[in-house]
Amino acid sequence: MIEKVLIANRGEIALRVIRTCKRLGIKTVAVYSDEDYNSLHVKQATEAYHIGEAAPAKSYLNQEKILDVMLSSGTDAVHPGYGFLSENDDFARLCEKNKINFIGPSADSMNLCGDKMECKAAMLKAKVPTVPGSPDLVKDADDAEKIANDIGYPVMLKSVYGGGGRGIRIVTNDKELQEGYETVTSESIAAVGKSAIIVEKFLEKTRHIEYQMCRDKHGNAVHLFERECSIQRRNQKLIEQTPSPVVDEEKREEIGEIVVRAAEAVDYTNLGTAEFLRADNGEFYFIEINARLQVEHPISELVSGLDFVKLQLDIANGEPLPFKQSDLKMNGYAIECRINAEDTFLDFAPSTGPVPDVTIPSGPYVRCDTYLYPGCTVSPFYDSLMAKLCTWGKTFDESRTRMLAALDDFYIQGVETSIPLYKTILNSDEYKNGELSTDFLKRYGMIDRLTEDLKKEKEDKSNAALAAAIIHSEYLKSRVQNNNGSSSNWKNKLD
Amino acid sequence: MIEKVLIANRGEIALRVIRTCKRLGIKTVAVYSDEDYNSLHVKQATEAYHIGEAAPAKSYLNQEKILDVMLSSGTDAVHPGYGFLSENDDFARLCEKNKINFIGPSADSMNLCGDKMECKAAMLKAKVPTVPGSPDLVKDADDAEKIANDIGYPVMLKSVYGGGGRGIRIVTNDKELQEGYETVTSESIAAVGKSAIIVEKFLEKTRHIEYQMCRDKHGNAVHLFERECSIQRRNQKLIEQTPSPVVDEEKREEIGEIVVRAAEAVDYTNLGTAEFLRADNGEFYFIEINARLQVEHPISELVSGLDFVKLQLDIANGEPLPFKQSDLKMNGYAIECRINAEDTFLDFAPSTGPVPDVTIPSGPYVRCDTYLYPGCTVSPFYDSLMAKLCTWGKTFDESRTRMLAALDDFYIQGVETSIPLYKTILNSDEYKNGELSTDFLKRYGMIDRLTEDLKKEKEDKSNAALAAAIIHSEYLKSRVQNNNGSSSNWKNKLD
Amino acid sequence: MDYKIQDIEKSFDGKITETLGNNEYMIKINDNEHQLKILNISSKGIEFILDQEYHRAKYLEQSTNAMNLVIDNVPVIINMNTHFDDVVYKNSGGGGAGNAQLALKSQIPGKVVSIAVGDGDSVKKGDVVCTLESMKMQVAIKAHKDGIVKSLKIKEGATVAKGDVITDIE
Amino acid sequence: MDYKIQDIEKSFDGKITETLGNNEYMIKINDNEHQLKILNISSKGIEFILDQEYHRAKYLEQSTNAMNLVIDNVPVIINMNTHFDDVVYKNSGGGGAGNAQLALKSQIPGKVVSIAVGDGDSVKKGDVVCTLESMKMQVAIKAHKDGIVKSLKIKEGATVAKGDVITDIE
């Protein structure tokens, strides 16, 4: 039985793990970098150890140092959180070798999940639908044309050495394909001296829908419903919700069965996520497995009533799942907004620095996972996620209106945040109607709408702002003209 | 349709009402006394009006003044909260007369609920079991003896003019009854010049179990499950939970049907509570109806997923209930701890004053309804309830351990609180096993156990406390000995 | 005084028109009068009720001509002319008739942000001698007379109290 | 130094035994040594890691012999003998050989809580002249020599800075 867990992470996810451990009477060991002396995870853990400099490579990614702390502190398990070492199979193997219970899948399973080509092959074998295309590299333009005709146009020609839009062509007929094949090949050779091309079906107006999955060491597996995470910027999720507006009970079960097969195909244990693209025609295509607890797990907790960290601990302890698929019922609607320190108008560039003041929203069916506190600092060394604001509702609209009220209450001084953008999105008809897609922000011109909303907000507040400015000016003048500068004196004087 | 609600209350319940209204786009009007200028309900409402001095009679109970504000502010409905005017049928009538939608039962129904004798008669007619006893005043000692033999000893002889333990005798046989009758009569005459006695079955080791009920203006009624509120001090609830450990699905339905009959018997509309005593033999006896939203409503919200304030607004708008009894399913377990400003060791005497610092607990499945903020004041003019801390869990033990963790996180500087007592109670085997009764605190010597727990806590913290004291002493001395008193300087100096 | 809110086209005229006692004031913004009651005020911010509605402002950085504040969680930048430099100037002896006073005194407490002159420099009445930061606002301290800077008493980064001598000007 | 925690029978002996640099110290409590690292310190409280465990103390009221603090949300009263009065006394000129110094100066900044003497009173070396409150602690300021109180400079409720003259003693 796990009695002491080292959390090889920082920020809100470290706090999340500590919270469940504390409740269960399990001791926790925090590790921290030079940048994190005053972070909440240091303050809330049972023990805390300094492990190095601010740069992740010198602290949170330093496997040897973390292992030293585990061994010297008598830790029997490690929770990797997300990011950092969470999907590093070398670290999982290092733990296995040192008899530290790694709370996650086995190193081999993690390795398989991380290898896109091998994982895709395993999925095809398990009849898990993947994006249609060449099973491997295509031989030549004619081979590509044959595959394109099999899967139907439009298709994407992709050099496996490409990236950043180079070495990619979308083609809609045989002629374009033949031309495109030449272009992609020459682009790739020009860039890296070689070329290797695959063909994949091009999907328009896709949604990102993923399934929480869960499998114990005895082979029992369930899915814990889907999450729709289509609202993204630069392929990073901003807003997630469950259920998805395009998944009904029947679809949920259909894809859920596929998810269980996917977990079995890679011998996955512990909690994880199977990610899918959903094409506009309703088809689901597996993309990858995230072999860890995900950022957006709270919304699945809210509709399942489960404590996922406890579930992870139980599975790591070798216990069988305490439920069958038929015991699990989805209850209500949940939304998560990722509160990032970033400037929407500077293409979401990070915004860091001290946070002298912060007001965390609360209230019925509101949950906020965050490392923020008044006087904390948002560090440039780590990712921009400051808080995960989640709301639950018996209906989607209850969840949505609670989120809007909570966003209104959320105040973070000192850094730019994504809060205003989320208010614009959640108030839009497209969001209300569930018209989601991974290009949502561009498709519906959300940044322009945000600009309008911010202007309107300022207009609404202009009288109050002016009143504050007028009073402040008088107050300042009085401090100069009056011997005693206290505010009460000033009030008496003006009276 | 209600568009603007005046909240004739203060503290956490005013905030609770504002929160739902804000989410629904309904304007809110706060009223405040001299004592409450800086209270959160003033800050969070759409509008705020000053209505008088601190003493409730001069502000929150001042019907005319509140009516003035309603009329001048264009308010179309009033939410009375609990306490103050919430069960005042004159006020309900005043609102009705002025076409203000009173969010609660009709004045007539409220009047009937408030009259214990008439209400009991209505219940007997509707076959709602009440505590066995004389239907009315007894004629003489022999009449009392006859009734006592009908209902079985022990019985209670009670002067309707008594109170505070005087004019009450518990008797176990005919002889004691004859003697007791004389004593109660003479005590009552000595105290108030007259005597009028009723006989009631004396129930030992009772539990306080109540049902949330809900009835619309079309006569549709449901119950929203029970709450057990047995842990009390001086007849005031301290800890509530739902479900009750002694109510199973069958019992829930059985008593639930009685509750619906009780609501119909007094033509109750809107949300309310039917209170019962449960004898140790398992029998339920109706005591009274609380004709308002109750303090402990959040735990019923947590297991039903409903927003009770929204439900109240919908019913007040004349809408039919959006569900039938069969649609309602109880989900999980919830506990509420009433965080009072009181000194457990001074017989729960109120403790008031400024609160310079406060830390409100949060986290998954934790809800805290409170008016506290750093720098606020706990006023001696109003009741001692500072916060309602609620937790939910898929199991009772999840809810309980979450509550313990949340209580640990709750810090309120400046006043004594009931938090330490709750930690002792929630850690006790009796509480874990559901061995609840209205005399729980005395029965299990909880105050003595608290004394022990506090001592142990201090022992656990003694090294840390001493370390803090040692460092502080050195720091102070250095400020005297050193020209520059800044802490960083001191650190350098000692280094 | 004239005000301009960044990103909003129209400009505003605003002033206190009446003090009602009990921390209440009448404020006129353009053509409309509003009642304002102060609940709390400090150099960091103000809480007030304007026409029965609560507001909270936090003052962030400001100069004498712009104020950066957060009103009800909404950040706003207001451009204005406070004439605050003038007030400080008048109170430090500037603008007066007498030239006898040597000492230039600070009329506000603050931190010395920068010093514009050195001992022996000659200054004209109204020249900036130094800049203080007070209540998050930068205020220029100007020479109250023509003359030569003698025995400058301040250092960059140090704090001065109200009434402290900044320099003599002979 | 000896410490006693209210409601706990045993008493404690505690001191700093070594300063390790980087805000770290070795502290000995009874027979055990502990490593302590300060994260934050001010007159209001301290945050530190003691043997790898984080703690937060808030200082509430205190006198020179008792400290009322909240450690990790647990209120604790510690009785102790800080000898703090003595330190103040020595630093104010008391205990020294020279009797020439007239002025009794405050060695701490603080608020004047009470004044024990009046102008013209005669005092003995070590007599309490006034009590200051500093960092929530009440500290007695004692006469540094025998003599007559002359031109008392302080008022009740006023604040004095470190080094301010409290009174002359002739």
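Read from first to last, the chains carry the letters A, B, C and D; within each, the first residue is number 1.
Operating definition for what follows: a contact is a pair of C-beta atoms (placed from the backbone, for glycine too) under 8 Å apart; a residue touches a chain by one contact, two chains touch by 3 or more.
The structure presented is a predicted model; accordingly, all values stated were derived computationally and were not measured.
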Taking each chain's C-alpha mean as its centre, the one farthest from chain D = A
B-C or B-D: which has the larger count of contacting C-beta pairs?
-> B-D
Cα-centroid distance, chain C relative to chain D, in whole angstrom = 39
Give, as an integer number of Å, the spacing between the C-alpha centres of chain C and chain B.
-> 52
Return the distance between the CA-based centres of chain A and chain C, expressed in whole Å.
-> 46
Touching two or more other chains in chain A are residues 408
Could you say which residues in chain D touch two or more other chains, in rising order?
-> 53
Write out the stretch or stretches of chain A touching chain B in their complex.
-> 16, 19, 22-24, 298, 301, 305-307, 331-332, 360, 362-365, 367-369, 394, 398, 401-402, 404-405, 408
Residue ranges of chain A in contact with chain C within the complex = 357, 359, 408, 410-411, 413, 454-455, 457-459, 461-477, 479-481, 483, 485, 487, 490-491, 494-495
Please give the residue numbers of chain C that touch chain B in the complex, ascending.
-> 39-40, 47, 49, 52-54, 56
Over in the complex, which chain C residues touch chain A? Could you list them?
-> 1, 3, 5-8, 12, 14-16, 19, 21-23, 25, 27, 29, 34, 36, 38, 41-42, 46, 48, 50, 53, 55, 57-60, 67, 69-74, 76, 78, 80, 82, 84, 87-88, 91, 107-109, 135, 137, 162
Provide the residue numbers of chain A that touch chain D in the complex, in ascending order.
-> 37-38, 42-49, 73
